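A, B, C and D label the chains in the order they appear, each numbered from 1.
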């Protein structure tokens, strides 16, 4: 089965971000979506640590450790961007002002529950950051993940077994083999990679899937 | 009986405002306390409409209607003063950051209840402004009022009959004939004008008063 | 991880897109108002009142409005004009009684106008709660008074609080000193007042700015309202728009 | 009314008083810390961390501390040093797990260190609730998750919320770009983060500023933290203090 690589996935997510959108890209893979936003269009990247209008990574010599993104990587500020404190930054999320947020996940349920902060392992040090705020705050939550774990289990599930980040909060799931809509009415397949059939997808996920 | 005039009362209140205090002066008579704060000392005047470091009235030619106090009178900004929005301004009050607030009153009870926003008249248009926020927010609430109404009733009462602004919030009452401490333990007389006795004061207020 | 690296210089630092929230006229700025809309209006006294936008609302003709503002109009213009013309169903404010609030007074006494009187700081925090997505807040202001009657109260750590709900609005009309095409705003002196918090609480925020400046002219450290909270901007001196936008 | 007129020009426009919140050393700035104190510390990653003030806390020796911060230290300096030295009883934070959070990890696993894990936005809003005098807030974040277990919840207008209490602190340690003697502050880029809201929530706010500027040098329109929220300031480049104050 053909699988999209991470670049292709990031490119695919970027396609669904319209000009003028206020967008928060989660730590890790979602951050790379920024690399595929069209140039010459205004897309507004929000960073939880108080930045709106975040630009690309700086040249080595321009790195400023007081201008970093949520993943603590150096970034730049676009002309027209601005800074604000954590209260205002999370008001932007919680208050529904962010149009789209893109997050990674351990699991997403067909009803849009998200698990992406904790494996539930007994001895793990828990850390949540802004994950729960992003999950419930943005108008649309896009998840970006491989459909299967390394051991072949589906990460799109009927019910999450990992500790939840938010309930019924995910709108779409972008995976290496297809794009899914999730929500109150369950999961529907929006796109599949070439050569994959709905039957195969249902089989590998163990879910009753329909086309959208 | 000797009665202090309004200037003397304002001067008396000003004496109890230490250097460095953050102070909100209510509309009307309390506003005039500013005229008697010592020059050459830093006292920080807060105005509910988003000003800290409010200065005196401007010369006629410098009036700016976007630089007004809570009573909508033109004011100035001291060097070192600043502007902020209503959220932050009322956080300063409600959050206990204002050291002293000076308010007028219809009635104050011996336990510190304040009535200063509404006469309770059936046909009055009610208006509250920031009175309730000031009453409960400042570390100390000073009330400034004539002790008696025009018809001779005491405005320092055992229990307010006018609608309340705040419960148990007043610390001191500055009147034309004396200064009172009020609170959980009732009213105590801190000062009286010359020639007035405790017995007389108790008689005209109808209260059992003690010296502090 | 290679794939997780942010690329450098892929977007130019200059925002070269075309997002432009500036509209050409007051009329256009308020064109999608509707009957029954709730409208927040910035201002304290005359400072920060978006007078020209309110004129446009009067002209637009929408009625059955709920107005959320600190005052309820004075004289013949602004909110007073809306009330005089019978467009307002309800006012949520802290201080309706002004020297010249005769239009409010008349409609209120005749029972044509509903008043929800809110202590000023509760008005502010309820607007902030709406803007920041809170479901409700426990505030100490008003506890034990007429204005908390019938409201849920609670003692927390020895202090008494009243439960207050957020105030959302369909529109906010805000006055700013300067704006850029992304909607970043700065204000002037005490005209700032309710502007920044109302801009956060409304579904559509419409701004009248005294000046439009080019993108980048406002210092990113000193922008008071980030453009994310602003939908439309109109300049009160249209000549200044053409120069900058 | 004549008596109610504000006098003009009675105070000079220049603040000529002597209020000066600047102290001469980091040691002096933290001198009144005490065992068992709760301390808010600004910063997100390394940006905005008041490193020199934390060093002074280590040197001071106070123990049994509760630290409220976004992270729980990394490497050997800052919060990590406080934890390594056994000074910290409890951490309230959103993200303790860092590449080099070995000191936190060890003390946490051994049970010597209590952790209250709070979603970052709830951390922010609880700090804001403390600073603005609210008794509690209903926030949607965390509803239905482990981090809301045992907490009161409520459905309001069809949405689910968790009741969260304010987080107060005895002290806040904040890093600013510049300060004046009244305590007015401005920040730099993303180093602003928790500084302004922590300054509002602590009983004593102690600031390390990269620069001290004369009163009036900061534009009143662009001051981020008004001096009312600041108790003490120390300059990280003491040479700059003498010039300006």
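Keep this in mind: a residue touches a chain if its C-beta (ideal position, glycine included) is under 8 Å from a C-beta of that chain, and two chains touch if they have at least 3 such contacts.
In this text the structure is predicted, and so the values were computed from the model without any measurement.
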Query = Any chains in contact with both chain B and chain C?
reply = D
Remark   = Of all chains, the one whose CA centroid lies most distant from that of chain A is B
Request  = Could you please state the distance in Å, as a whole number, between where the Cα atoms of chain C are centred and where those of chain D are centred?
outcome  = 30
Ask   = With chain centres defined as C-alpha means, what is the inter-centre distance between chain A and chain D in Å?
value = 30
Key: Per-residue overlap in chain D, given as positions that touch at least 2 other chains   = 125, 128, 132-134, 139-140, 187-189, 221
Ask   = Which residue numbers or ranges of chain B touch two or more of the other chains?
value = 77, 83-84, 87, 90, 93-94, 137
Ask   = Which chains touch, pair by pair?
value = A-C, A-D, B-C, B-D, C-D
Key: Contact set on chain D toward chain A in their complex   = 44-48, 94-97, 101, 104-105, 108-109, 115, 117-122, 124-125, 127-128, 139-147, 160, 187-197, 224
Remark   = Listed in rising order, chain B residues that touch chain C in their complex are 47-51, 64-68, 72, 77, 83-87, 89-90, 93-94, 118, 123, 125-133, 136-137, 163-167
Chain A-facing residues of chain C, complex = 1, 3-19, 128, 130-134, 180-182, 184, 200, 215-216, 218, 220-221, 223, 226-229
Task = Mind listing the chain A positions that touch chain C in their complex?
result = 5-7, 10, 19-20, 22, 28-29, 31-32, 34-35, 37, 39-44, 46, 52-53, 55-59, 69, 73, 75-84, 87-88, 90-98, 137
Inquiry  = Under the definition above, what is the set of chain D residues touching chain C in their complex?
reply    = 125, 129, 132-140, 154, 156-157, 159, 161, 165, 186-189, 219, 221-222
